[in-house]
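Note that chain A is present in both complexes that follow, paired respectively with chain B and with chain C.
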Partner chain A sequence: MWKKAIDNLIPLFITLLIVILRFTFPNKLSFFTEVAIFSIYVMGNNILYGYIGLVSFGQPFYLGVGGYAVAIFLAYVGHSPIIALFLGILSGVVLGLVLGPSFIRLGSSYFALINAALCAIGVFIFERLLIDITRGNDGLWFRSRMTKLPLLDIRLPQNFFIFVVIIFFFVLLLYRYMDRSTLGTMFRSLKNNEEKLRFIGFDTFKVKWVGFTLASALSTFAGALYAINFGFVNPSLGENTRAVEVIVATLIGGSGTVYGPFFGALTFLGIKDIVSRLITRWELVVGILTIIVLFRFSKGIWGSIQQYIGVLREKLKLLG
Partner chain B sequence: MDLSLWIPAVIYGFSVSGIFFLVSLGLSIGFGLMRVVNLEQMLYYTFSAYMTYTMVTLTGMFWLGLMCGVFLAAFLGFLVETQLLRRVYGKPMLFSMVVTFSFFLIGIGAIQYIWGLSPKPVSSPTQLMITIFGTQIPLYRLLIILTAGVVYVMIQLLLQKTILGKAIRAGIENPDNLQGLGININRIFTITFVIASALAGLGGALNAPLVMVGPYMGFDMLLYAFITVILGGLGSIKGTLISSLIIGQVISLGGTLWSPLAFVAPFVVMFLVILIRPTGLYGVKGIV
Partner chain C sequence: MPLNERLLDVRGLDVSYGKLKVIFNVSLHIDNGEVVVLVGRNGAGKTTLFRSISGFLKVDEGSILYKKQKINSFKAFEVAQIGIRYIPQDKHVFSTLSLRENLELASYSIKNEEWEPVFEYFPMLRELLDRRAGNLSGGERQMLLIAMALLGKPDLILMDEPTEGLAPHVITDLTAAFKKIRQNTTLFIIEQNLPLTADIADRVYSMKEGKIVQETSDKDEIKKLMFEKYL
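Moving on, here comes the complex of A and B:
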């Protein structure tokens, strides 16, 4: 019974952890806001990489779409950040539903390559094709057009942090729910043995489609939050050179786990924060980090914790 | 129809195709034979281009630079295959793609460390113009087309006429059976990989005078290589050739019609083909 109670409280603990960390390092506010947003982004990638077993080198594209959905709405149409965020999620759902059927049919290698290609064309569209709307590399600014929410003025960074943490908590709850539901089980079995899942009578195409749509919705949501956080977007949000960052974060946290994305995001951004102060060749470090994690630390942080708890429990059982 | 506009466009298209064919062959064969999508292939392309740049600035001889670039690419390919990729064979596709992609990033970091961030120009070895059908065409473009053609013929000869080539083709069909015949498959892998990386290096050296040599040139080329192999089908040499011909013409003719088309049209063509045939035009069936 205790086990179950603790289990249910983990999302709360994690949310508390990020709040405590924010107050322990008071001048690192923007960093922890980014951790919360990046966690949501990593969760999206985790559905693809950890659950379904597809790797995509084009995740920044979805981030960019979410960001631009928010930016275009706020800069030209409306003033409410909440509607903008909903539009951000909606753009991801539409994208997932539209692109899904053609992408899901592809093999895993084609899937990775076509997403990378999509990402490149995305940058081109944001930067040059729609330059009249997106203002190209200058970026689209909209901070002054945002109105405040009824209870919270999210234009202030400290309030936006609270807002993001609340969102993060609910996303984490939903993510945990997804993990325990039949859908989560189907995702995992898809990775282990797709043929068997089909044999049992599930439509694997639909399962993958749902997974792909969920992943892209989470990514665009993160992109939308990024946009509101910065108050502007430019094409670098969707840059394909950054595609591997989210994959590394997924791996560090522990792919295929519920709480892994948070730890991955925290560790990855922490390393980035420290390293980028010391040296400028960031790609080199990301690459080496990925290879080390892949070969030596494949379970990731949360995976290792889970294993450790499992071993501990066995020992306790033996002791009586 | 203004012929003086379209004939150069077609020839430019062919030269673009030549480069694409050279650089994406490694990606395609690597997949067909080793079941690894080696995304770090473009590293050899970039390193070779930089080597050409260094040799041209030191000695002024482009062809010497090209040879050095190809050798450097082949040597790097040898190192990577024997030291890194050996550990990846047989692992899930997911794993190998992330490994090779991160290795690609490490390489880009190393290039930035050695040669710096700023793009470097490489002067073309010949400024000669040749008149074809009344239009002026740079000789260098024709040389690229010629080189790519020679490479294709030589690869076909290698694959069809020699024992090594037969072993490679058998390996693409079924690696386990090849091993069962007592052929050292690791050796075949290494040889194929070295050839493929040398060709990517050749592509890089040839492309160096046409583009600015910069640390991210591999990234730009990687996307076209992706398009080429996806369209042609992973694992097929014929498919790579045909799709690079198509993509080259699409870029060149599309760009002549309306300049943004040069960038968007190849993607559109690829998406359309993928919608109809998920394994590309000549993809190896049964593996994904």
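Moving on, here comes the complex of A and C:
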């Protein structure tokens, strides 16, 4: 009973941890806002890599689409950030539904590469093809056109942090629900033994499609939140050189776990923040850490915590 | 469906892997309520035949009729949904999931939550519900696979060498289970275990080099293992 109660409270504990850290380090507001947003982005990639078993080198494309959906709406059409965020999610759902049928037919390596190609095309579209709309590398600014929410003026960074943390909490709850549901079990089984899943009567194509669409929606949602956080978007949000970041964060946190994305995001951004002040090529430390994680802690931070808790529980049981 | 009515009818089946033809003009039938065993040496085409019936391999020529419906072009999940379950030789379960989650998945796919009838065949599974499937023994895995296949009361189960690599006492338990299962479900089994075949089979098809070379339905001939020469 205690175990279940604690288990149910973990999303709340994690959310509180972000809030506590934000007030412990008051000058790190933007960092912890980014941790919450990046966690949602990693959750999307975790569905692909951790649950379904598909590596994508093109996740920044989806991030970029979400960002531009928000930016274009707020810069040219409307003023409501809520509608803009909704459009951000919708863009991911549409991308997932349209691209999914052709992408998920591919094997894992081709899936990774076609997404990388898409990412490169995406940057070209944002930077050159739609330059009249996106304003290319100058970026599309819209903060001044954004209205405040009835209870919260999210144009202010401290309020946007609260807004993002609330969103993060609910996304985490939904993510946990997905993990515990039959859908989550189907995703994991797909990675484990796709053929077997078909033997027992599942249309694995549809299961993958749902997973791909969910992952796209989470990524574009994160992109949309990034856009509102910055108040502008430029093509660098969708650059394929950043594709590895989300994969590394997924691995560090613990792929295929519910809370791994948060720990991965916190660790990755933390290292980037600390090390980048000491050396220019902060990626060196992230690279070394990734190698250590892959060789020594293949389950990642949360996966290892779960493992140690399991061992501890068994030992306590033996002690009576 | 009435007993002895034609459940599965395979006619003139040809199957290839690329340009390599491995099944040649195979015809066979399974009637409702039967236990039919398919024997043959390694490479005879037995597993290929099963994979063709269960929708995993494309058929070049011929037809597969299930309850008089042509199912040649059905995908594997559609074949499972109409009531034909295939248990492959590899004994792969969803190893990272618990036994309960394995059963839940199988239940969900065919929208049937009744586990009790399955536990009557394999009572020990009830005790292992929370064990990780990857930690089950070979015999327990096979029982889980059969249990998953049995959920939703399918009409036909195809089993590819269910006793391969299992301890003799587990084979004895499985044989007893097969005798109970056959009262409700038709079984089509690939088996190299001759005593087991002689014990449970109503008919035996022998396969050699991609062709059906003998059909044995005489009980005495089955008991005398007249098909042994094809092994």
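The rule we apply is simple: the second predicted complex is superposed on the first by the 312 of 320 C-alpha atoms of A that agree within 3 Å, B and C clash if a C-alpha of one lies under 4 Å from a C-alpha of the other, contacts with A are read in each partner's own complex, and residues count from 1 in each chain.
As a convention for this text, a residue touches a chain if its C-beta (ideal position, glycine included) is under 8 Å from a C-beta of that chain, and two chains touch if they have at least 3 such contacts.
This structure is a prediction, so every number in the text was calculated from the model and none was measured.
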Partner chain(s) touched by A:Arg188 [first = chain B, second = chain C, both, neither]: second
Between chain B and chain C, more extensive residue contact with chain A: B
Which superposed partner A:Gly201 touches (first chain B, second chain C, both, neither): second
First (chain B), second (chain C), both or neither touched by A:Ile162: neither
Contacts of A:Arg128 with chain B and chain C, given as first, second, both or neither: first
Touched partner set for A:Ile89, first chain B, second chain C, both or neither: neither
First (chain B), second (chain C), both or neither touched by A:Leu174: neither
Touching residues (chain side chain A, partner chain B) in the complex: 49, 53-55, 57, 102, 105-110, 112-114, 116-118, 120-121, 124, 128-129, 240-241, 244, 247-248, 251, 281-291, 294-295
Residues of chain A touching chain C in the complex: 182, 185-186, 188-189, 192-193, 195-204
Interface residues, chain B side, partner chain A - complex: 31, 37, 87, 92-95, 97-99, 101-110, 112-113, 216, 219, 222-223, 226-227, 229-230, 234, 260, 263-264, 267, 270-271, 274-275, 278-280, 287-288
Residues of chain C touching chain A in the complex: 54, 56, 75-77, 80-81, 85-88, 92-97, 101, 104-106, 108-110, 148-149
